[in-house]
Amino acid sequence: MIGTGMIGRDHIRRVTDVVTGAQVVAVTDIDVERAKEIASTIDARVLPTGHDVINDPLVDAVVVTSWGPTHAEYVLAAIAAGKPVFCEKPLATAAEDGLRIVEAEQAFGRRLVQVGFMRRYDAGYRAMKRVIDSGEIGAPLLMHCVHRNQSVPQTYHSDMAVQDTAVHEIDIIRWLLDDDIVSTQVITPRRTANRFGHLQDPQVMLFETSGGVRIDLEVFVNCQYGYDIQCETVGETGTVRLPDPADVWLRSAGQLRTGVLQDWQQRFAAAFDREFTEWVASIADGRLCGPSAWDGYATALISDATTEARHTGRVVTLARPDRPAFYAT
Amino acid sequence: MIGTGMIGRDHIRRVTDVVTGAQVVAVTDIDVERAKEIASTIDARVLPTGHDVINDPLVDAVVVTSWGPTHAEYVLAAIAAGKPVFCEKPLATAAEDGLRIVEAEQAFGRRLVQVGFMRRYDAGYRAMKRVIDSGEIGAPLLMHCVHRNQSVPQTYHSDMAVQDTAVHEIDIIRWLLDDDIVSTQVITPRRTANRFGHLQDPQVMLFETSGGVRIDLEVFVNCQYGYDIQCETVGETGTVRLPDPADVWLRSAGQLRTGVLQDWQQRFAAAFDREFTEWVASIADGRLCGPSAWDGYATALISDATTEARHTGRVVTLARPDRPAFYAT
Amino acid sequence: MIGTGMIGRDHIRRVTDVVTGAQVVAVTDIDVERAKEIASTIDARVLPTGHDVINDPLVDAVVVTSWGPTHAEYVLAAIAAGKPVFCEKPLATAAEDGLRIVEAEQAFGRRLVQVGFMRRYDAGYRAMKRVIDSGEIGAPLLMHCVHRNQSVPQTYHSDMAVQDTAVHEIDIIRWLLDDDIVSTQVITPRRTANRFGHLQDPQVMLFETSGGVRIDLEVFVNCQYGYDIQCETVGETGTVRLPDPADVWLRSAGQLRTGVLQDWQQRFAAAFDREFTEWVASIADGRLCGPSAWDGYATALISDATTEARHTGRVVTLARPDRPAFYAT
Amino acid sequence: MIGTGMIGRDHIRRVTDVVTGAQVVAVTDIDVERAKEIASTIDARVLPTGHDVINDPLVDAVVVTSWGPTHAEYVLAAIAAGKPVFCEKPLATAAEDGLRIVEAEQAFGRRLVQVGFMRRYDAGYRAMKRVIDSGEIGAPLLMHCVHRNQSVPQTYHSDMAVQDTAVHEIDIIRWLLDDDIVSTQVITPRRTANRFGHLQDPQVMLFETSGGVRIDLEVFVNCQYGYDIQCETVGETGTVRLPDPADVWLRSAGQLRTGVLQDWQQRFAAAFDREFTEWVASIADGRLCGPSAWDGYATALISDATTEARHTGRVVTLARPDRPAFYAT
């Protein structure tokens, strides 16, 4: 485990308590005390650097949850060591680093990299993909997506609405439609009063795929009422929509009501568990099949274009990247 | 219009403002001032008694909304006068009076009487009946029914849970299943604290039809949160359930919620309108087809048996009344 | 009644059978036989032209449901005659005609014109407006709207997606937000295969109000599965969404399901009835309060700009029209 | 693992693949070949009898999933060996055996027994219990419960509707209300045609708790359409209801629909996983807290009374069993 911040500690707990067939044997963090504290609870060693973790002979696979700008370096080192590596998004903060990873992995000759796009493991999105792939709603034409957070801290700035938030939507759109995004635009409504002054919130992002599907995505990270992910795909003969998470229904005081989740940990807890369970199983099988380095790279290209679209106020088009056969699904 | 109490005035407004093809020309009430007040707003005459209304040559059809114990007398008089009569429930407070009405109407030779079971005009119950009749859920085996009021006044006593409240459920069960109830039982849970001391609230009534369908009915008239009518019919291959009334959905403060109606006027407003619209049209056609005197009589027999069942704590069985061919559906 | 086509006949039936306090006394149509046929069923006279209807001394108020290009002429004539006039949309097929109507009505000095935007009478939209106006979801920031038809005939062409279909959405957006649209853009996804060749279907329209609210509207008129109107307004602290129309719920064959309506007559039947009921009552009161000539004119300006936006592929901005005090809400 | 039938194999998979901190080291089954087959896949030993498993020094805790009549013997043996034992329901097929277990465990002085009432680990029931305990709906007065299976095999007979099926409902009712059932009655509707001839299906069971709460429970094991568990608790000020399991919503062919689960494995998969995860954790903690031997015994008393109620057609009352302080919650 490289990185023991919030998401890192959550993954350590997951590997230790939830996933069978795996064990955390070594951790590192730039904050050594933090690393020691968590390591002591799980009987793991603390190593000085990420490279020490990667090259430790007891380590069969690497999880990278350190600071984003360090991801590419560790992923490349893991490839060099021939070890499977799970990297939280972003795979790389610069697209060219993503490309280097893609090239390194192909040169190695076998998939080693998985990127932490956990939504692909959510039961709702999986059911939606089955419906789309079955042809039950005909060919997709449109998607309506909503990503809402209850609130974000002051450190969250306008570019993060794409880089940190919409990136999950971009991946899931690509995966659901089995297509790439080739045009992007950002619309900026009146800002909510419930935000820090520097932040454009909400934002509406408009995407177009190479096949002509149009997607609108609302990103609203201070919606106050809860954490809410919505997605509807409109096909030629029908539509399919994510359900709201199931909770008990109350009737009281003139209302029929149910709870809305408050954070992504609740919303995607089962997806994270399944993501790691399947990742560990796929390593044992020798057949990685989750979100690939290519997905990380392609998503970064679209994120960068979307950031440019917001800064310029223009529609930004992308050449559809030419996916190597190595990454064929 | 015989009777200008709350429901009477509501029907006067309905005939005047909602229904086309009818006009209130004469009203009466034991409270003459009340009758005068309402009559003055609609340009109708006030007559001394219900019999004067019935026999007035300008009156083509009679609506009886007076005090329950007077209903049978006026309905019989209307039959004697050969005029269509709409009678709010109960048709008669004693079953033998109901039988006299049924016999008088048959002697007259043509249907004149309609009883105010407005639920048959509700869009949800009608859709449920279509589903049942279509065979889409197979033969019915069970029904689960719920009748909840926000609260009732002190004058409401335990027998009224059957005579005033469950009577609507009994009619709709008979109509939906096209069958009669032949056994009845009342179960008395712990009483809610939110009631006047004399009242058994809630009550659970258990019915069995001649065809072996079993029905459980919750009557809870001080449920606090609203007016709520639920009904599910369980058949051999599926179930059909009333929808909750449609209202906008809000997401705020950690909840997803919609409104619950607060009274029967809101819940059945459209049903009442349709009831009168169809009744007036059926008079013009000369073919009454709504809930009949027979339905009023049969329902009274079941209500009486259910009252006895609560008083004795026993299962009470009824012989299935032998419906005259005159009342064949 | 000027015009006895499908919508005209439906309004004739409505005035005759549903609305109290009004009666159809004269009709006209360019197809005289059609006019005679309907007139004979309701005991109304057939007059040669719309102007004869307007000027008939027995006619207190005029309903215009003739061919769109003739609307402005009849509305202006009704104003000249000082008679209330209900005009189906469009108020005018050219914006300058709309302006002439607005000016003529102001010159007359009292409101005479109502435009047939029936959605304002739908219970769901009314509940949504109450929620927005109450401040319960904070200031609106975004709206997500969907308009889907099961299918359209070959005569339906791409401009009609705005002029005939989206015009209702444009009106309801203006009304819900009490604001005007000042920018418009049209996005064209891949076309469904289930359409006649000339038609761009679906279309996504993007609007911005003078207050900075952004709206996305999907218009998809060959969606195959039904007639489906959706609307969600996103505010600073919560959201409000139209309910799906209530229908019974079935559980059978591995599914939980309810019906989707198939046409606008079903979806807005109650709204049409309420529209006419309130219009007739407002004439009796002498205080017209429904959608005004100004609404018809402003909506036409936005429709025209949206048509231009689709033709040019560009964002089209409008100056916010300066609403005369005469039309203050 | 004592017993390698369907549920036994499922628990072996669960301990092996899902739960961390536990490992299957020894299995037994009367069908030795079946035991060998499963043991070979998980590197466990096959022992001749359940007693060999219980007394094996490598075995820290025992899971009993053998044939029901053998449960009590193995549970008593585990207590004698001082080892935690998880026993699938029933704890004992005769109530007096349940009592012997309860006495033996008390004599041992510490809880060792947990019974497999997995519903207590279902997220929906847990949320319902939180709502009830919070006082949010006031004191409970009524419960409406439904248990439906798609179909059952010919070996399923009428008593199993209580002993195998309703037993889970009985436990969850006791747990939700923190009360015991003191009266029971069975109502037998017309039988569905979709069953083997010997079976009474559906059945309606009526329970009363010592606190006066009344419960109706539909058990319908050949409902054809799916596996469906419903539960609504009605309190003095409101109600709480289980949600339907979340699945994507489709709009197509005139319907809005979602899937209904087909079997209990899908419905309670997460509950089973949590049950074992918490059980294993509680052994490590030395503090068993799941459904106890007392719960198994009390539930058996109610099941037996309910069976008698169906056979006799009468209401059967039970003395409320006097729960030892040892089993205080």
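All chains are identified by letter, namely A, B, C and D, in their written order; residue positions are counted from 1 within each chain.
Keep this in mind: a residue touches a chain if its C-beta (ideal position, glycine included) is under 8 Å from a C-beta of that chain, and two chains touch if they have at least 3 such contacts.
Protein identities per chain, from UniProt: A, B, C, D = Inositol 2-dehydrogenase.
This is a predicted model, so every value here is computed, not measured.
Enquirer: Relative to subunit A, which chain has the most distant C-alpha mean position?
Expert: With centres defined by C-alpha atoms, farthest from subunit A sits B.
Enquirer: Once you find the CA centre of subunit B and the CA centre of subunit C, what distance in Å lies between them?
Expert: 38
Enquirer: Need the CA-centroid distance for the pair subunit C / subunit D, whole Å please.
Expert: Distance between chain centres: 58 Å.
Enquirer: Considering subunit D alone, which of its residues make contact with at least two other chains?
Expert: Residue numbers touching two or more other chains: 224-225, 237-239, 244, 251-253, 258-259.
Enquirer: How are the chains arranged in terms of who touches whom: line, ring, star, complete or other?
Expert: Complete.
Enquirer: What part of subunit B is in contact with subunit D in the complex they form?
Expert: These residues of subunit B touch subunit D: 138-139, 141-142, 144, 146, 187-190, 192-194, 202, 204, 206, 208, 211-214, 216, 218, 220, 223-225, 234, 236-239.
Enquirer: Could you pull out which subunit A residues touch subunit D in their complex?
Expert: Contact set of subunit A toward subunit D: 16-21, 123-124, 127-128, 131, 136-137, 237-253, 258-259, 270.
Enquirer: What residues of subunit B sit close enough to touch subunit A in their complex?
Expert: 224-226, 228, 244, 251-260, 262
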